[in-house]
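Quick heads-up: structures coming right below.
What follows is a pair of complexes built around chain A, which joins chain B in one and chain C in the other.
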Partner chain A sequence: MSSRTWLHDMNPALKFILVIVSMLTLAWFFNPWTPFLVFVGVILIQLSFSRINWKVWSLFMIPIGFSALGYLWTTVLFAADTSGNVIWVWRGIEVTDQQWHTALSLAFRVFAFSSLSLLFALTTNPVKFVMSLMQQLRLSPKLAYGVMVGYQFLPVVKEEFIQIRHAHRLRGIGQEKYAWQRLLSMRRILIPLLASAVRRAERSAFAMEARGLTGERRSIYYEPLHIGGRDWLLAIILIFVLIASSVAGFLLS
Partner chain B sequence: MLKSWKLKEVVLMSVFAVVFALVYLLFVQVGNIWAGVIGPIAYEWIFGIWFIVSIICAYIIRKPGAALLSETMAAIIEVMIGNAVGPRLILSGIVQGLGAEAAFAATGYKRYDWWVLCLAGIGSAVFSFAYGFFVSGYAALDPSLLVLMFSLRVMSGAIIAGLGGKYVSDGLLATGALRGYAISRDTSKNHQLKGEAIG
Partner chain C sequence: MDNASTISVSSPVVDFKEVTFQFLEDNSPVFTNISFSIHAGERVVLYGPSGCGKSTLLYLMNRLYPANCDGELSGSVALFHKDASSYAAGEINRRIATVFQDPETQFCMPTVEQEMAFTLENLHINREEMEQRITTTLDLTGLSAFRHSVIQTLSGGMKQRLATACALLIEPQVLLLDEPLAHLDPLTAHQYVEWLNALQLSSDFTVVVVEHRLDLWGSFFNRALHVKNSGVFSIEANPTRSPIQFPSRTSTVQDVVALEAQNISVNIDGNRLLSNISLSLRKGEIAVLAGPNGSGKSTLLKTICGILKKTDGQFKSGRTIPGYVPQSPEHLFVTNDVGQEISFSNHANADEISDIMHSLRLLEIQDAHPFAISHGQKRRVAIGAMIADQRPVLLLDEPTSGQDSEVLIELFHLIDSMAKEGFTVLIVTHDMAFAAAIADTVFLLNNGELTGRYENEQLWQQTELLKTHHLLPPIGAASYV
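Take a look at the complex of A and B:
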């Protein structure tokens, strides 16, 4: 089952571009079939070329299901195109088949987008992604290493957030009743968090410069990333799924 | 564009991007659940929160590109953390950053008053709405609903991102942590000028 690691080993920059291209292509379609078929196709690709935890995948999908539902009924009620035959009437609201199709299409689009995102998110190493952006897509090294430093601070920021909350609670603040009060009180947490972030940023920038980071592009990397034959094969498969579902969507509707 | 940037400014944007990437992702979850109940309009009134990092960074660093780069970095970090909105966040981050950047560019990167910050929030709102019109298929929705969504988003951009961004940055300035960044230099110059005028 060696093919099950292909997506994990795929070049992140290429994968990123493919996902973006697929999403931008999907944006042109308003029939329910195309996004639905892409959704199914992406799941099939993931089943055959990746080894992801489907429990995690479903957990990510649950909130997406909610927002898809929102899209569904908003489009049913507020569709721009109200032509076609009326398929049902409920308390004076008439729903035509055209409206229903558009609504289904937008709801499935949410699912198709999310499956593509998860295809990327669950099989990509974040550090390799940034390295690949720098090596393949020529992102400036200053920015790339800047992002990496920030990413390394992620656990520290979480820890600090908890500390600030504890400190506030010890002094008896932070028990707001209403949502808007809680929203305003975000500033009380944000400012100490950001202040220490500023100090940390300064320290690490000095340290990086002291160790010889000039921000110039280099020719040799510690961990060079390439785009190989297998990457192109996966790209072709995904593009095939995209084209096939576009054509099928066109024929079916 | 990056030649004139100090590394400490880039890293500052990046650590801010981390803090706000977490805030952004939290609000995506809130928005998603609301969206199930009231549809895509749920995102509109909180949309300003997603522009805030570009306004805070531009206000503090005061260099061309601060708004665009910080919003893009926040989007990259959101993708690195991993979420179901995914890689297209980078695209929308760039679009939103460009919107804010346009407002700062229009004032020649010289003015950072509250109304310029609001204008930047509005710029982000307009750009992101045009992008959402295409990607999220708003074209299929009724124009009157779209007008409501658009005006909510513009208001949210001006108030949450513009005024909220200023509120947060001014609080941060008061802590003294921003010594060595353009915001402290410019404000202290203002104070001196005022002092001279009075004295």
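Take a look at the complex of A and C:
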């Protein structure tokens, strides 16, 4: 069971690179099998090495499933390339095997890409990710801590958004009958929200600088992040899934 | 000890000689030819009203200015006998640490320990020493129990202590504090000053504070420097101030009920925020609602004026619902100039509007953008907008927080004159000196329940009762040293 925490403990920068590399590789394959096998492989990896909440995963997959279906039927019906053998005719619409092939490939590609993104998103702590980008990929501390401050701001900004909306409710704004009117009145919330965000950003920048952040690279970390043997093992597994799917896809089509 | 302190007192750690500073976008300098010096081991306050440029002085001392602004500096600013401009970026921040006003904007990491490590990483301190410095500083500041706490879950007072702890981590020779009490309630502020007093006694750093309310500090300081625009700052030894003296007022309560709440309860997302609250306010009455943070004060105000839905109970408030002015009055603003802001809702006729503009002194700013005026003016505009909405009961959320004495006295007169005109005012405040001066009645709230209604004079002797509500009696400045 302990292997179920591996993906969560994996070095975020390495995981990030692997996901990016997998996506770029997938972009070169136009057969339906490779993306399908990657999709299945990623799910198997998550099943064995992570403790993600599958309910959340399924919720994310619902809209993705719809867009995949959308790709499927639009490609089947409206594809520019109509070569190949006709395999199916319905009310004058002819579907060729070539079209069907491309459509399936596109739909599975959507699934493969999103399952890779979810593999990363659902097992990675954003704070650790930024720290790892700074330590492993030499992201500038100026940028890294800028992102960190922004991340800490999110709940504060949300709270302020609620406060402003409450105050506006008193003046009869945000209660309009139609959705488009309410949408227009949002700009009235955005101005005070942005104004205070700018003020707050300046104060934060001053506080960081007064505490000695000069933007130069740091030499010692309090919580150093390393890439260990287990990280490489997971990397090898993912690369194996990728290569196996590519080869299988090539052979099967 | 005596020898050491006399030697250190004689050497200035901060020395301003004939300094002139101007922002390029301004027409006149903030300071012309000012001179003052601060010696090692002193507790100095830079004292002056809001907007006199005190914070600018502080930023010149830690080199945030002129490096980070379009400003022109002449004269000499010497830090530790060396010209300020001769220090490399970040170098001076190893010796001079700063704590800022707003406890919300000083942190970038999730937990206390990581936040402290951030400072030490900036200084390239090695791993073992980091560990040891964090442990010592946490011990020193009494924050050891919070080492792994998430910063966002701490109270404002604890955040301000943490900001101070992060400053002390670098073992600074000078600690600068920029109105550190502005966002704290009086009891928390009082505890913070006591805490800082003990820290300074044990670690012996120089303390420089920018402040406009000396009364909160008791006898903490050795010297006050009176900040002005030009010349040599005058010095006051062992400065103390008694709490602000408000004028006395006569009650204007009329025997007509303006608002009555019966058994009000509020549940939001399954949490009971208010339970069974009954209160009644009369015409011309000024009432104060007080209680600890998170006790439901703002929720009660928002429920009374209809922003939040009540789960149970009922209100009787005549024809119109009460008006509400949030802690940040600009949250109410929806137009681009003050005049439109007042007439926005179309409930008042032209005569009434010009009356309001006149009595709240808004005529001279009627074309200004409501976001570009001072805080006191913003509050007057918000109150004006509520009056123009024909709302006879006004609810003010924390109007006293972070205000200097001038603004507080202005606020006192404003509320008093509104009560004279027959308005009913309910104020949420932590400032009991203000409450004692202005209120006819005080309501105490704790854990979403109304714990009592008190006539103004009766409440202040009950120190224990006040303490359980995180309040401080209005009189009695504490003494230090």
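Here is the rule we go by: the second predicted complex is superposed on the first by the 240 of 253 C-alpha atoms of A that agree within 3 Å, B and C clash if a C-alpha of one lies under 4 Å from a C-alpha of the other, contacts with A are read in each partner's own complex, and residues count from 1 in each chain.
By our rule, a residue touches a chain if its C-beta (ideal position, glycine included) is under 8 Å from a C-beta of that chain, and two chains touch if they have at least 3 such contacts.
If you're wondering where the values come from, they're calculated on a predicted model, not measured in any experiment.
S.K.: Give one of first, second, both or neither to describe whether A:149 is in contact with chain B, with chain C, with both, or with none.
M.R.: both
S.K.: Have a look at where A:168 lands relative to chain B and chain C in the superposition and call it first, second, both or neither.
M.R.: So A:168 only meets chain C here.
S.K.: In the superposed model, does chain B or chain C contact more residues of chain A?
M.R.: So, of the two partners, B touches more residues of chain A.
S.K.: Touch check for A:232: first (chain B), second (chain C), both, or neither?
M.R.: Once the two structures are laid over each other on A, A:232 reaches no partner at all.
S.K.: Just checking: does A:219 make contact with chain B only, chain C only, both, or neither of them? Give me first, second, both or neither.
M.R.: The answer is second: A:219 touches chain C but not chain B.
S.K.: Tell me the contact category for A:74 with respect to chain B and chain C: first, second, both or neither.
M.R.: So A:74 only meets chain B here.
S.K.: Of the two partner chains, chain B (first) and chain C (second), which one does A:250 touch, if any: first, second, both, or neither?
M.R.: Touch partners of A:250: none, neither chain B nor chain C.
S.K.: Just chain B (first), just chain C (second), both, or neither: which does A:130 touch?
M.R.: First partner only.
S.K.: Have a look at where A:240 lands relative to chain B and chain C in the superposition and call it first, second, both or neither.
M.R.: neither
S.K.: Give one of first, second, both or neither to describe whether A:54 is in contact with chain B, with chain C, with both, or with none.
M.R.: neither
S.K.: Once the two structures are superposed, pull the chain A residues common to the chain B and chain C interfaces.
M.R.: In the superposed arrangement, which is not itself an observed complex, chain A uses residues 127, 149, 191-192, 195-196, 200, 204-206, 208-209, 213 for both chain B and chain C.
S.K.: What does chain B use to touch chain A in their complex?
M.R.: Within the complex, chain B touches chain A at residues 2, 5-8, 10-19, 22-23, 29, 31-42, 69, 73, 76-77, 79-88, 90-91, 134-137, 139-145, 167-168, 171-172, 175, 177-178, 180.
S.K.: Would you pull the chain A residues touching chain B in the complex into a rising list?
M.R.: Within the complex, chain A contacts chain B at residues 16, 19-20, 23-24, 27, 30, 60-61, 63-67, 69-71, 73-75, 78-81, 102, 105-106, 109, 113-114, 116-118, 120-122, 126-127, 129-130, 133, 140, 142-143, 146-147, 149-151, 153-154, 157-158, 186-187, 190-202, 204-206, 208-209, 213, 215.
S.K.: Considering the complex alone, what residue numbers of chain C touch chain A?
M.R.: Residue positions touching the partner: 59, 62, 64, 68, 89-90, 93-94, 97-98, 100-102, 104-110, 113-114, 117-127, 130, 151-152, 163, 166-167, 170, 302, 305-308, 323-324, 326, 328, 330-334, 344-345, 371, 385, 389.
S.K.: Which of the residues in chain A end up touching chain C in this complex?
M.R.: 127, 145, 148-149, 152, 155-156, 163-164, 166-173, 188, 191-192, 195-196, 200, 203-214, 216, 218-223
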